[in-house]
Amino acid sequence: MRRRLITGAVVAGGLLLILGSPAGAQEYEPTTQDILDNLWVFIAGILVLFMQAGFALVEAGLTRGKNVANIMMKNLMDCMAGVLAFFLIGFTIAYGPDGNDIFGLGGWFLADQPYEGGLTLHTNFFFQVAFAATAATIVSGAMAERTKFKSYFLYSFVITALIYPMVVRWTWGGGWLGADEDGTGKVLSVPFSDFAGSTIVHSVGGWAALMGALILGPRLGKYTKDGKPRAILGHSIPLVLLGTLILFIGWFGFNPGSELAADLLVQDIAVVTLLSAAAGGLTGMATIWIRSGKPDVGMTCNGVLAGLVSITAGCGALYNWAGILVGAIGGVLVVFSVEFFEKVVKVDDPVGAISVHGVCGAWGTLAIGLFAAKDDAFLGREDAGLFYGGGFDQLVTQAVMVLAVFVFVTVTTGALFLAIKYTIGLRVTPEEELEGLDVLEHGSPGYAGDTLSGLGMDELTASMSTKELDRLVGEKAEA
Amino acid sequence: MKLITAIVKPFKVDDVKSALKEAGVVGLTVTEVKGVGRQGGHTETYRGTEYQVDLVPKVKLEVVVDDPVVDTAVDLIVAAAASGKIGDGKVWVTPVEAVVRIRTGEQGVDAI
Amino acid sequence: MRRRLITGAVVAGGLLLILGSPAGAQEYEPTTQDILDNLWVFIAGILVLFMQAGFALVEAGLTRGKNVANIMMKNLMDCMAGVLAFFLIGFTIAYGPDGNDIFGLGGWFLADQPYEGGLTLHTNFFFQVAFAATAATIVSGAMAERTKFKSYFLYSFVITALIYPMVVRWTWGGGWLGADEDGTGKVLSVPFSDFAGSTIVHSVGGWAALMGALILGPRLGKYTKDGKPRAILGHSIPLVLLGTLILFIGWFGFNPGSELAADLLVQDIAVVTLLSAAAGGLTGMATIWIRSGKPDVGMTCNGVLAGLVSITAGCGALYNWAGILVGAIGGVLVVFSVEFFEKVVKVDDPVGAISVHGVCGAWGTLAIGLFAAKDDAFLGREDAGLFYGGGFDQLVTQAVMVLAVFVFVTVTTGALFLAIKYTIGLRVTPEEELEGLDVLEHGSPGYAGDTLSGLGMDELTASMSTKELDRLVGEKAEA
Amino acid sequence: MRRRLITGAVVAGGLLLILGSPAGAQEYEPTTQDILDNLWVFIAGILVLFMQAGFALVEAGLTRGKNVANIMMKNLMDCMAGVLAFFLIGFTIAYGPDGNDIFGLGGWFLADQPYEGGLTLHTNFFFQVAFAATAATIVSGAMAERTKFKSYFLYSFVITALIYPMVVRWTWGGGWLGADEDGTGKVLSVPFSDFAGSTIVHSVGGWAALMGALILGPRLGKYTKDGKPRAILGHSIPLVLLGTLILFIGWFGFNPGSELAADLLVQDIAVVTLLSAAAGGLTGMATIWIRSGKPDVGMTCNGVLAGLVSITAGCGALYNWAGILVGAIGGVLVVFSVEFFEKVVKVDDPVGAISVHGVCGAWGTLAIGLFAAKDDAFLGREDAGLFYGGGFDQLVTQAVMVLAVFVFVTVTTGALFLAIKYTIGLRVTPEEELEGLDVLEHGSPGYAGDTLSGLGMDELTASMSTKELDRLVGEKAEA
Amino acid sequence: MKLITAIVKPFKVDDVKSALKEAGVVGLTVTEVKGVGRQGGHTETYRGTEYQVDLVPKVKLEVVVDDPVVDTAVDLIVAAAASGKIGDGKVWVTPVEAVVRIRTGEQGVDAI
Amino acid sequence: MKLITAIVKPFKVDDVKSALKEAGVVGLTVTEVKGVGRQGGHTETYRGTEYQVDLVPKVKLEVVVDDPVVDTAVDLIVAAAASGKIGDGKVWVTPVEAVVRIRTGEQGVDAI
């Protein structure tokens, strides 16, 4: 029970750290447990950063080869820009000691603070910045194959500097959706629960993806004259699969690391995460198999990810069986959601980011209101879920949270994308889109054939100085 | 001289090559192509959305041969490439006015 | 010495945990060391799960591009199905508190248990399920390019639910191959030793692969009329190499994690594992270089893996020099074994799974009988190896174990594959095999070219609403 | 402060370990902190080994497809050969208890030693060997697409056995560049600082790469008759990007692991590393964007790596803002350096290894002389940097170190490459270079197409025995 | 019979295919090629070094048709493939002396 | 007009292109192909099993030229592509009956 409470304590502790402690206080000597706590959260942060590779690969694989370098570059650079944006601005907005329940201030640039146990400021920052980078990178997939590089780059800076941190402020940062001193909600009757960020991270990314894809419009040729969607095949399923497996691995940092401490609950969280992923993969596969007659590989990968996103909120509160159920429903949901956005809303999301992260993120958050049994330190009580006799309070809070984040993110990112569109432009020209973004935006193709960059023999030998030719000849003699 | 162009199923390439070799025709050039024809395609789905697979992978063989060999060569190709199933492909013959072997500059039949 | 004994203790402890403890017992407060033990084994489990990516890549690379999505999907889904199978059935059969020396029962679905130190039930499950997934996934490579997806899926469920768990029961689960209270073998004169599963995991996978490949028959065209094997080239060596490196990395969870505790032996195990891998890679390369005139890349990768599999059993019992020797012999063995199965037995194993996992797994297990010097907690004594004066007892036990597992696995998986074959069918049709499994089993190719999915300009612009065209024009003006 | 000093202590402790302790001494019982120290450094070592995959991918992606298997094989085998070379020879030369300030001797083959706290011999070896493998593998990229496999293999053995270990001896091994008992430099006024090896690891690799590429000469066709460089496009940007992200991840083992202990400074080191990488990526991208009009993807990846290499020396001594600055300068530097070597020196380095590792390694080492503020245990004092009032002493020491290593490595590797060249030959024949190294050096292409290895139907069916055909038919009936 | 060879922009392939289909010409063979012409190329940079992209991706279509259809087919192709921008491609017609359908051995017009 | 088809070694493509350009022939189409001929192949091994590498990578160039230019063009190609080593390739010439520039609809020599 000790550790369970620590999650909350650490967040508060983080703030304390930033607030500083009275001068002249005795220096706190870290225990091995402190060091272990920090080390584990740091290792978990590395795993979360590794997810950047997973996102890059999944998005690259599900789009066309002529845009492969561009999409992977976007993934790399939203991470790099995001790191600096979060360091310079975002971390303070999220966790700054001053400011209010909506917007943090103070403690800029990781100003050094006396250590008083728990996570250090740097450990905390490392883990949080990895999350910020995740929220940002989700968007690139939905906007793939048609977004200007510089515009995307600008967007990613803003979301990591401002939009994502505000949502964090409201929640993990101790803002209005969180708990009062007495354990009830500050604004709502009970405080929110979102252990590792189904809503805070994934839905933020998902809804931003929705707005981005909406405002951009579909890729050329995605819809026929009469509005029927056409399949634009991803160019490399191996990349998709490798990316999915890397994301799967990274999630064992994402969820268990969100315990923000090394204790024996870490593995409980890991097991429910694993089971939910497996369930999502199986039901995702089964659903697409039934609906289209064959087990589509990319969609099955989406199913695994749907299982993971769905359990991200509840991994600290749900029993294993509930985790399996929540993941399984996520796997079904993602297939129908992809179909819904593609065929009904007619938003062109080549990788299914809106469905995987937005929709399943919302589902996972709501699921707590239904299935929460354990106290994950956010809930502050056991059996909070409707099915455990916790009544509707938690479900209402969860729904408010989902809605508040949906409205906030769609409005702010919508404004952001529109602003970009009418200033530096959001979309490449049709010519560029047809020829591919790799050559035109970055100067060279993602895949270059050997043969046709062949060079004339005259040129080849001309490049050799006499000395060099001698050398070659010398070697030939030997060969 | 004539240029024989054959569009065949990919896994038949080796058979055709061997058949021609036995008839003394060694040189040829192959290209990976895709074909549409009576074979039609099939409808598949990708992420729940249907699409037509109407371009079937084929291999194109190009062989320049001397006039007297043309008929034998065509027959051999047809025999080796036929599986009796739709989509087996076509062979066509076009006239060639000159051939040069780049290495030696030899012309005509000597160049083949 | 304390820690060395813990390995055994933990296994027993696991059973204790599952058996439960007297009601009303004082709740045990975990120490930092307990937490560290659990955390390390959990991290090791993550590394083992990462090996799924390694297997998927190696198998994909050594087969043809037209089947690439299929083989990777099999790797993904045998893991997902395996997780649920092991959760629902396998874990109980392997470690259930009831049942007997051959088959476990009770403690279903990770029923909660009071914690009494050591690994928690969830930590234990997480690590064990990663191993189960490994055993299952080995098979896909040997059966690649011709096995029906649904049939493979069924097989993988059964092996993780029933066959692998029974072998675990006999050994790590405290069954008939293990030690009595007095430290002698229950049935044999001395107990078995297989620290991380050369036989228990790898040979199980390898022998199942053998039966699968035998019953399936070779890929179309693999053998000429007169039975000479033909080379069917793997389509992507980069995938093979990346996969090998990922497996290599994962093994530092596989072997050192099998210590099941965080202590100072973990790194000893890691070093001998590293040396054996290096030795296997070098001798594998040298052997194929001598035999075929060139250092084949895929075979060298097999050599590295052979070194790893060979040291998996003995990593806790062998000195470094012995590890190098065992790995080096493994590297030679794998080349000859691949040749033997390809040219003599005429089993078509595109990736060498039978040789790497089956044959080298057996070799590694036997090597303990020759070289064991340290007590790995299974042996219960030092200098158990023949060359250390331990006599033949250990070698006999190891041989019995190798044989028992060989017979059990070949019979059960043989029956399983035959049953599948004569019910839902095991092999795709020749037409499907020629065209490739990706399109026909999953609906789309693993690699889709951009160009030929080109769309007409009419269609392209038709998909644009007036608003969108305006937007495009607006942007063009800017561009 | 305790931990800060431990870094030095551990190095000394390592030597102590190797020297052994008086017989009959009480056996030391490791604390949980000891175990945690060892475990963390071990996990960090795994991350560093994972960088091998990163190097392999980056180098493969930036070169041509016809040489892809060859370059990746070189990366794999320099690691495998390096492990054995370092075990047999290198580790003793670097850390042997006998010998002198230039060359170590004694304590061969990890001879067992009593444990007295801190890192065990095996932990230390594991971490160090991973570093040795890194230094070796850097070279392959600069020499890509034209170096004989066996010659490269020989080189890699020598550098890991002799050259790299000597540089380590001089520095981390307590040699002439290090500190005296009184904390001043043995030879110089103040001791060197290179926390994680900007010079010791990366520059060693980079300067060896320079000599290798110089002695080999450029790839055929790289320069026109009049000496203008031509672009030879890398064949796969996805591989480059994945590799860069893997290297980025691995660096969180490389730098924070070099703390050689688990303490709360680990995360400080990680954060400054992260910030520097981000800054390098951004300035690298900006620089190439300004210079060539487009944000080149491969060069941006080089920028990220430049940021990482630049902070490797100073990650324990620099504040975050200085880390950002150092990384940012690294990112600019790498672009100009690549241009300089390509256009002025006319050395053909397809991947930019000389610039990333050699030049930025030197820059990072010198930066300590400017910006060092914290005591990283090597410096032995705070505020050692010029800008912190530390005077020129540190800068001079750093410059001497950079120069000494440059001279030593260029001379020794130069001699080595020349020796290889005039004995077994260093470069493949022009014919081989044109056709590609994969087929001619290893027997099969890195990428094999399915179609043209197509087999005749007669052969396909002929390979089926009657029994098999029956089976097929049986199944077809079912299908 | 004639062989019509058309070099077109990749994204025009579907238009051309449909146009021909409407005229009853179903069978054709496509190849991914690269072209140089008036369209010229553009200069790009790779790692700071300039290079010419002068080979532009195109698709080659080959259609064997009976003599009376040739003109219509060419017109249809030209109409469907034209975007009015430089680099639209060429169509050329060469004589074919014989055609065989591999599956059936049918010859001449029947084989198309 | 004639269609000149040349099969050359891949690294000779640039030389041929430049040679033709100097003679005023700018437009051409290239395809990656594989060839068999006298050059033969070599035996390699994969995982210990021998196999024949008999398809050597080549590049096919297709150039439609006006009749008077044909001989010069062929000579230039042969000169530029020759290395004197076996496997240098072939050039052949076939008659073209009509050419159209898709963009403008121009016909004949104007279309080249």
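General observations
For reference, chains read A, B, C, D, E and F in written order, and residue numbers begin at 1 within each chain.
One rule holds for everything that comes next: a residue touches a chain if its C-beta (ideal position, glycine included) is under 8 Å from a C-beta of that chain, and two chains touch if they have at least 3 such contacts.
Values in this document were obtained by computation on a predicted structure and should not be read as measured data.
Summary of the copy comparison: rotating chain E onto chain F for the best CA superposition needs 120 degrees, to the nearest 5. At the interface between chain B and chain E, under half of the residue numbers appear on both sides, which makes the contact a different-residue one. If you average the Cα atoms of chain A and of chain E, the two centres end up 45 Å apart. Separating the CA-averaged centres of chain A and chain D is a span of 30 Å. With touch defined as above, residues shared between interfaces to two or more other chains in chain A number as follows: 32, 36, 43, 221, 230-231, 233-234, 236, 292-294, 296, 298, 434, 443-444, 449-450, 452, 455, 459-460.
Shown for chain F are the residues that touch two or more other chains, namely 11, 30-32, 34, 44-46, 55, 83, 94-95. For chain B in complex with chain A, the residues that touch the partner chain are 44-51.
Listing the residues of chain E that touch chain A in their complex gives 11, 34, 44-46, 53, 55.
Residue ranges of chain D in contact with chain C, taken from their complex: 30, 32, 34-36, 38-39, 42-43, 45-46, 49-50, 52-53, 56-57, 60, 68-69, 72-73, 75-77, 79-81, 83-84, 87, 109-110, 115, 120, 122-123, 125-126, 129, 149, 236, 239, 438, 441-450, 453, 455, 459-464, 468, 471-472, 474-476, 478-479. Interface of chain B with chain E (complex): residues 2, 5-8, 31-38, 55, 58, 60, 74, 77-78, 81-95.
Taken in their complex, chain E has these residues touching chain B: 1, 3, 17, 26-31, 64, 94-103, 105, 111-112.
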